[in-house]
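All chains are identified by letter, namely A, B, C and D, in their written order; residue positions are counted from 1 within each chain.
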């Protein structure tokens, strides 16, 4: 999508000097980063830290999707918004903050709810997708869209003092449905509004999502394909789990997929695709 | 130092609602947070994420120490600064960004180099200290000052794709000198200017420092007292190491300390307390 | 044969177990070797403190709970048919969806 | 007795070892049991690729390198006097100071 340049500008060399001297990045990795695009779905507790570190690192284009407006009770964890921006769209708030840090990066806010009618068209324009959402229906939607468009999906989640992270659909690895073929009963799902979350927990997981996405964009294998990171902030424990590979029987990424276009995910999950009260 | 209120204001209840419902925090923990003060030494790659998450969580007062001005090559990792603030003091840049997020928190910038003449006076005014510095001399200085003033020290460091984290001087735990009685030969010390660093690595470690400080301020034991976290971002590995306890022979925190006031740390380390070229 | 195992809970699954994140238990004398399939109802009947329907559905765990055997996805170990070995560590993780 | 051990390097210590983060080695037949004290010069002479003065100082590691024995600080294990057991994992960590 983005044109790949053969050279770094003097401004890029100055700005990125501290990461250019890393042998694993170098000029080649930096040129690769600046030719890549990342779509972040969710401009909340996970989306804020991941967006700002992707912008800092010099990813070429960052898209930020969120239908919501900034509220005061977001500010304990959604660190790119400000008190002045309460009531304004979260997507443009994140884009503004990222642009103030690095105007070389193109930041595109999408003030919309991702759904089956718009997801594929949007995702096809990006190289890597970050799941920074807060509900089950959107997670299945994003997964299926990433399989249909063949994009890697860096998935993070957080609740209370805990966080989870994995990379789906990376070079033959499993997808969300391989791991979770059936959606959880709606009464077992707790969101951050009901269960609470310590703000820095999605901070840590969002940074980990940015790290995995940066590695993919720079041509370095991510660490959490077919692996799940479990973080418990109260105990200070990180656990890395080997998970199943791609399932040949998976309805979306398997050998004979039954899902070949996006479906109705609110119906599939029996739950709304937002955590707003009905 | 700060007066402890008996009640949360309506604004506080609204703003912090998602962390108030955590049983481990609750109203008691939030009141404790807002009565505590944290001094962050270093407004760089570690100081930026730790400052913003401490501000978001509602720590009562945050001090930010840095003698340096914002440069363009900082912006790949120091995410609270902006292009417009290049050339302005880092400490006030961080304080501004934190205040825009949460004006209930008092943010005090100190545009100065921490040294043996000013460290103790400053540290005595705070409850918890974060080591977010970038050189050996300041790390020994901060350690000794925290022992003399009896403050817990949450220490983070990052280089290339790696990060380290531990908490010193927490309820009888070891100090920096217990672990490293002798400073490293100057020629073995690599700073971020020479060795490089991927920006999101100090992002992750800085968030972990904020988490440990928030737990201490809320009355929850930190996880990394007498434990060292080793993070390798290239391999995606986290390792938690049990380290030695307080050493009775330690020259500063031991049973018969020989260091009872701050010394000349540049001389002790044979290295300058900044990474500027002489 | 009786069989000592460690059961760990995370991601909120611990809320069904009196907020305990770790339980050391001994599965009692049994005519057949213990499998995860036979262990699940025992856990439900002996350890679970509330709302069993949030833990099991039919003969297996409810959708959205991932089971680990010694830090590996149980799917790699035979799922319900896995034969428990003494001192195995079985983890029940509730998937998180917040952000 | 010969003794197989895993040697791991991090924090930049790997730069002295040809950028290898993990080495599986067998300490050769020795009249006395291997200790860390006897292992250090063997590592220096057989595995180190450059600048030995950045690894050892006198008979021990140079200041700023932390040694782990199976994920514990070597100070808890007897430091130089610790007797190596087969398949021990010894980690040399260079302390980081950047931020």
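In this section, a residue touches a chain if its C-beta (ideal position, glycine included) is under 8 Å from a C-beta of that chain, and two chains touch if they have at least 3 such contacts.
Please read these numbers as outputs of a predicted model, since none were measured by experiment.
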Revision key, fill the gap. By Cα centroid distance, the chain farthest from chain B is C
**Study point:** Euclidean distance of C-alpha centroids - chain A vs chain B, Å
**Key:** 28
Point to revise | Gap in Å, rounded to a whole number, between the CA centres of chain C and chain A | key: 30
Practice item. Report, in whole Å, the distance between the mean C-alpha point of chain A and the mean C-alpha point of chain D. Key: 40
Revision key, fill the gap. Residues of chain A that touch at least two other chains are 160, 192, 195, 197, 235, 240
Revision key, fill the gap. Contacts with two or more other chains occur in chain C at residues none
Exercise for review: If you connect every pair of chains that touch, what shape comes out? Choose line, ring, star, complete or other.
Suggested key: line
Point to revise | Those chain pairs that satisfy the touch definition | key: A-B, A-C, B-D
Check your understanding: Can you list the residues on chain C that touch chain A in the complex?
Key -> 10-12, 21, 54, 57, 62-64, 66, 68, 71-73, 75-76, 93-99
Point to revise | chain B contact footprint on chain A (complex, rising order) | key: 11, 14-22, 24-25, 49, 52-53, 56-58, 72-73, 75-77, 79, 81-84, 100-103, 160-161, 192-201, 203-204, 207-208, 210-212, 214-215, 220, 222-224, 227, 229, 233-238, 240
Practice item. Please give the residue numbers of chain B that touch chain D in the complex, ascending. Key: 42, 44-47, 132-136, 139, 156-160, 162-164, 179-185, 187-192, 195, 197, 202, 228, 230, 232, 235, 239-244
